[in-house]
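All chains are identified by letter, namely A, B, C and D, in their written order; residue positions are counted from 1 within each chain.
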């Protein structure tokens, strides 16, 4: 059918129409980047930058960037910015915020940066209730080095150094960083969204907005984890990225608001605010319990043997 | 002038405050701890911030962030803690941020760490080694000035004696030459203007105003080292004119050596001293001049032999270089041991002067 | 031939597309298809058909920022082959 | 001119505080001063040594002194290692209430002051070191007694200021118990500044 259907010209804007969404977020100096096809990080970037624009805080914002694929956004984001070392962005952001307490300060880190290399930094920054917003782009893989296991890789996930899939007994268990940070008294707002479909993008945008609003109210540490597609690092076709994300990462790192201060105003999610998103075909716990089933634990069955 | 009795830690903290330092982050470790204590008390009194960082890694990262806003900021530890900070020191140097680092060291075995660094890449820190509290007050203030002047980290090398000795000192702000404005610092105000700023060690600017990238950045940062070497050598010498023997020492042990040399001179022994105040840049020329025509160049340092390498570079084979220092510590490991004794040092100098073996 | 009521449209920066296809299932009215031809980078790219609502789902799901979304001031009837 | 003072005692006797007070008093008198304390981790019972150097110009001596002009001996427990660090004829103030053991009274100018008993008589048993530093100030004039009193007040943290009056009585009692300026530290009392 497609071959026959008439194609609408899309080379230039039509007459008698108004633009409802711009090509490039206001705070991007160029739409060009070197991310792979199907990467979810630019989607998260748009969410972040659009939110800053809409909040009207771009001219009092400092970004602190970690090291990963997304580091290249340092050169394209039209924001005052400090480039940090791998893992260290929360501490650098702490120094920035303490010297510029009336500015909006956020970090952008990947899961390798935040949950592997810099785990204690984000934990302590959250525990101190540092008034910064940490944004985690979590794709469960070291994308920049070419697809290696991180601390958030899920059980069964194939990476270049877990060729048979991540095995809990041999490689350990993934860390649900959002859940961990939500337990700390210093964290005011914690949420986990994703960019694997347009609805998720819209929900994630509300989370990012609420995180920054929490910072503007001075409530403490705010955190938004955004699950992003990495088809290159997952070794799946680009078009299958969203589905793979939902079936793997999304089942362990379940989406939803994990924590919000009572005074933070009503949630856009209404009743579902503090609960994982409902999903068709069974709740996330089904899959999680499958991944962490008793028989898969050490000594629980023949599959558990890895020669240790 | 009002002088007040202060331990070195307090005096250095006061000197940092007098220098305009308004941010400090650190993690307790003897003998650095009291410096942190004093800054934790003093900085809030002057509108600054002192954070009890959860680790040295975090302390240096916090200072990095504060520096990026243009604030005068510092961190510190003992050498062990500084070992943890080395990655950040490298990158902060390449980011051209004016960090001041205090190493309240356990003895002098951090000479290599201070002057060569344990980090990656082509980076150097200016290293200043005071011998007593009065000099520490001056060099701390100089450190903040030089860091800004060169946009390069400066390390102040102290030790247990410096931290815990008290002297009556006056900590008044010193006056230095004017510095250029910190137009590179971020304040968050330029987002969305196409003129936003990036503080980065990678030499990467914005796409509309790209930096030269990593190669060009290194080419721009590294040549500063030659300029610093040309302009920032600091050294004290004494009794060199007719010296037949020279002793080289730095930091608080140099005060012992200077005292011994003074005693021996009073007794007619032709001995002089060279005291490097800047360990990097090292006073190679002063050492070379001192080595001219002497029978020996002795090196007294409280370690297994580190600065002796630089002395040999300076001497260039013109005289025998003899190490008369050594490892010296008490049970605590804080670097105050039996070698820090005027009589012991005198004995070792006299042994060399008289052509005997140096006692092991 | 028949016509389809079309409220919106998009512009597509074809040369910026990396051919990931994330926009295709993202489009609620299913009016995007991948081209048979390739762009200058060698990637297939999306093409628009009648029936766009101007909802911006394609834009939100495009990692390469190739879409701009418009709404007609007055909805138009676009012809479609049966 | 530089004058050195070594102090020794057991932790808890107030040796470190006495050294601090003398240091502050010397600064009040306008002299250069250096104080270095070494004490074991135990707050009480371990060794507690301190070094004070006072000078009328910049101090040349390093903080660990090998040849001292004087000593304060609050207890004999850690006294022996200090003996070789005293110059011939050094001034030694001895806490005769507690001191047991040998001391070479030919080589050293020893002043016996029963400071622990005196402090107890004053109703301030913890003030023995204050009595001793008053006695030392009286015998040597290294610091003026009035400067010692002021230095003591500056050395006490706010939460210990209630001890200031008793400490002042202790310092003055010590100073009055000895022959004034029996072995003067300076040719004239007080420096120019």
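As a convention for this text, a contact is a pair of C-beta atoms (placed from the backbone, for glycine too) under 8 Å apart; a residue touches a chain by one contact, two chains touch by 3 or more.
Quick caveat: nothing in here was measured; it's all calculated off a predicted structure.
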Original post:
Which pair, B-D or A-B, has more C-beta contacts?
Top reply: A-B
**OP:** Indicate the whole-number Å distance between the mean C-alpha point of subunit B and the mean C-alpha point of subunit D.
**Re:** 34
Original post:
What whole-number Å value describes the gap between the mean CA coordinates of subunit A and subunit D?
Top reply: 66
Subject >> Distance between chain centroids, defined by C-alpha means - subunit A, subunit B (Å) >> reply: 42
**OP:** Hunt down the residues of subunit A that sit against at least two other chains at once, touch-wise.
**Re:** 32
Subject >> Chain contact topology (line, ring, star, complete or other) >> reply: line
Original post:
Pairwise, which chains touch?
Top reply: A-B, A-C, B-D
Original post:
In their shared complex, at which residues does subunit A touch subunit C?
Top reply: 2-8, 10-14, 16-25, 28, 31-33, 35-43, 46, 195, 197-198, 201-202, 229, 231, 238-239, 241-242
Subject >> Sites on subunit B touched by subunit D in the complex >> reply: 3-5, 132-134, 161, 164-168, 252-253, 255-256, 258-259, 262, 336, 340-343
Subject >> Partner subunit B, residues of subunit D touching it in the complex >> reply: 20, 23-24, 26-27, 31-38, 58-67
**OP:** Would you pull the subunit A residues touching subunit B in the complex into a rising list?
**Re:** 26-27, 29-30, 32, 52-53, 58-62, 64, 74-85, 88, 90-100, 103-105, 120-121, 124
Subject >> Residue ranges of subunit C touching subunit A (in the complex, touch as defined) >> reply: 6, 8-14, 16, 18-22, 24-26, 28, 33, 36, 43, 47-50, 52, 54-57, 59-74, 78-81
